[in-house]
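So, here's a batch of structures to check.
Next, two complexes with subunit A in common: one pairs it with subunit B, the other with subunit C.
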Partner chain A sequence: MASLVPCPHCGQRPKEEFTIKGAALARPAADADAVDWFDYVYLRDNPRGAYEEYWHHTSGCRRWIVVTRDTVTHEVAASRDAADRARSEART
Partner chain B sequence: MSEFRPTLRPALATKQAVASAALKLSPLPEGTIVHVLARPGEQDVVSFLGSLAKPAAHAVRPVSPGQWFIVHEEPMPHKEMKSLFAALEPRATGVDQSHGRVRIRIEGKMASRALSKGTAVDLDPSAFPVGQSAVTLIGHIAAHVTRVGPEAFEIIVLRGFAESLWDDLARMSLEFT
Partner chain C sequence: MRYSALSILLNGLRGNRNWAPAWRQPEPKSHYDVIIVGGGGHGLATAYYLAKEFGITKVAVLEKNYIGSGNVGRNTTIIRSNYLLPGNNPFYELSMKLWEGLEQDFNFNAMVSQRGVLNLYHSDAQRDAYTRRGNAMRLHGVDAELLDREAVRKMLPFLDFDNARFPIRGGLLQRRGGTVRHDAVAWGYARGADSRGVDVIQGCEVTGIRRENGRVTGVDTSRGFIGCNTLALAAAGNSSQVAEMAGLKLPIESHVLQAFVSEGLKPFIDGVVTFGAGHFYVSQSDKGGLVFGGDLDGYNSYAQRGNLATVEHVAEAGKAMIPALSRVRVLRSWGGIMDMSMDGSPIIDRTPIDNLYLNAGWCYGGFKATPASGFCFAHLIARGTPQETAAAFRLDRFERGYLIDEKGQGAQPNLH
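After this line comes the complex of A and B, so read on.
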């Protein structure tokens, strides 16, 4: 149990308790161009460094969270409930 | 009509007792477990649940944001459960998990040491005091853990995993028994 992921609800937990989904990207509007949807569904930057990812705390609170993580050092800068993130983005 | 009749027996009825001066493992009575799921945005659900549950007999265990277990040693009569579900609405919804989940008690001065072999949750009393709950992996099995006493924990696990988790806990306890 090496890599710890901070859950905003449960605290530090081993990565084994989570399911990782991948990049947390802004979803295009339902009627957006096919090019935008293709980009959203298939294309990933795979950056070296800072990255925003969806993690699901599958064996814990079962909430989706958004983790801001460095892919090189595994330093975690932030961890938020995905619903809170969606709400805060809806306001801006 | 088929001769086959399913029989309801406690999930851990066939398990050997695990007990010593330092650690004891026991199946808890298969009474009542109600899973409560609040509607998004509902506030003060804990005090609302406290007012519905009978304080002496029913325990309310936090599960995750907006979710709780109401736990009771005795099975709840159907009528009582129906009225509990009705009283929860519209703020929350109740789901009967009494046959879906099984409770195990692990107690003794080595209980937290044994449990710590399976979970990464910090079980030190300063971080995990009496009354605190957490959903976590114990080995490969997801379980709900509550500290119910200074040296006692209640574990709630899905029924299908109960025997397997019991066997794991018994093995984790071997050196203390």
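After this line comes the complex of A and C, so read on.
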């Protein structure tokens, strides 16, 4: 993985400042049926290639961000604030 | 050719010119009874037991690279059956019993060395947890001994017993645990399967799974279409990719796990030792190198290589356990792609597609499970019903709520 990871708030920062949570999946509605929740909790596309995941800028701005990373090359293509992303998705 | 002391002697006298290759390099046939995707330890063991125990010999093992190039050659070679939960323990003990007879069974020197596996504990709570685990093992007929601090000191005087943060209070010892030469496991199973008629086909990548009327009819490969009655997947870190070809989405994430070998040292560590206050496990190979590993890197990866942060983390844990490691040079490190399931336990089961079978989700524990995994998967394929010790490893257990969460971490694969 590249040594520097772009944070939407802090710019390029050393990757050791971040904690990786895992797949950035869309959370089902609270009253969604059990099949949707099962899919969200347990099933994964597990792609070989571009992958969106939640990272926490633990030793920086402490914001949750969504990083788009390639699971084969480890290249980071983009990052954005997780709350911004959730808001823009809620609007669409 | 059967290997024996006599065959070594006679071949030696003839200048070692008459050794035959241990397995053939066959061209794929147009159709097989069973195709196994993945020529790793589990796939080769499955083919071996299908042929030897269940009489199914029209079998092909398809490997995209060369056999032994994946996780069977990328682990820390540890075998053990010190599991707590009833769904796991009898299965891993079956594996241990198969390890104990393996070399005679497949006539190949796999250097099975039962030198003991010792898990250290560092607190009262951890001692209680290990007491419970040891008792569970003994109730299942598995050997376990709880050692106090002095007994551990006698075995391994160089450990940091008085570490201010993580003092060593004792350990849980399984004397029948140990190490096995991992490459020889792949080779021995390949040779045993090949001699019974199985085609081990290397350099043959599966690119698609063909289906008709809800059944698998065969696979498209880099060497053309190959038909089959039954398709069995044992693709480890690439399980999600292969399953996706059949339209299945698995409860699995692929993560990278690193392992390391140091320069050769004089005899130093007799068995396998694991640190209880961090994730670190070490043994010494017959060549003298320390073989050790730790945690996953923690992010999804297919890269078969890891990052420096994890190297540092592993080295710190090792040094906290054995301060003398600070002067040891690391020779090499490598990464393997773990098929991390959502509860840390494997899957050996049928799938929603009638003639498609799945063997996946081995997390860290794939190597020690190799013989039992192959045996139970072959049993399932041949008989249609799960082998009794593997009956809990169902694909639908997540949906039904019957998880086998040995570590108690929940659906968080990077923590298992």
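Convention: the second predicted complex is superposed on the first by the 89 of 92 C-alpha atoms of A that agree within 3 Å, B and C clash if a C-alpha of one lies under 4 Å from a C-alpha of the other, contacts with A are read in each partner's own complex, and residues count from 1 in each chain.
Please note the rule applied: a residue touches a chain if its C-beta (ideal position, glycine included) is under 8 Å from a C-beta of that chain, and two chains touch if they have at least 3 such contacts.
Values in this document were obtained by computation on a predicted structure and should not be read as measured data.
Chemist: Going by the contact rule set out at the top, does A:72 touch subunit B (first), subunit C (second), both, or neither?
Modeler: Touch status of A:72: second partner only.
Chemist: Is A:45 touching anything from subunit B or subunit C once the two structures are fitted on A? First, second, both or neither.
Modeler: Second partner only, subunit C.
Chemist: Now for A:16: first (subunit B), second (subunit C), both, or neither, which partner does it touch?
Modeler: So A:16 meets both subunit B and subunit C here.
Chemist: As a test of reading the superposition: which chain, subunit B or subunit C, is in touch with more residues of subunit A?
Modeler: Partner with more touched residues of subunit A: C.
Chemist: Touching A:59, do we find subunit B (first), subunit C (second), both, or neither?
Modeler: So A:59 only meets subunit B here.
Chemist: With both complexes superposed on chain A, which partner does A:80 reach: first (subunit B), second (subunit C), both or neither?
Modeler: After superposing on A, A:80 lies clear of both subunit B and subunit C.
Chemist: Overlap the subunit B and subunit C contact sets on subunit A and report the shared residues.
Modeler: 1, 16
Chemist: Please output the residues of subunit C touching subunit A within their complex, sorted ascending.
Modeler: Interface residues on the subunit C side: 238, 240-241, 244, 249-254, 298-303, 307, 309, 342, 398-399, 411-414.
Chemist: Please name which positions on subunit A make contact with subunit B in the complex.
Modeler: On the subunit A side, the touching residues are 1, 4, 9-10, 12-14, 16-17, 58-63, 81, 83.
Chemist: Along subunit B, where are the residues that touch subunit A in the complex?
Modeler: 40, 63-65, 120-121, 134-137, 142
Chemist: If you look only at subunit A, which of its residues touch subunit C in the complex?
Modeler: The contact residues of subunit A facing subunit C are 1, 15-16, 20, 22-23, 38-39, 41-48, 51, 53, 69, 71-74.
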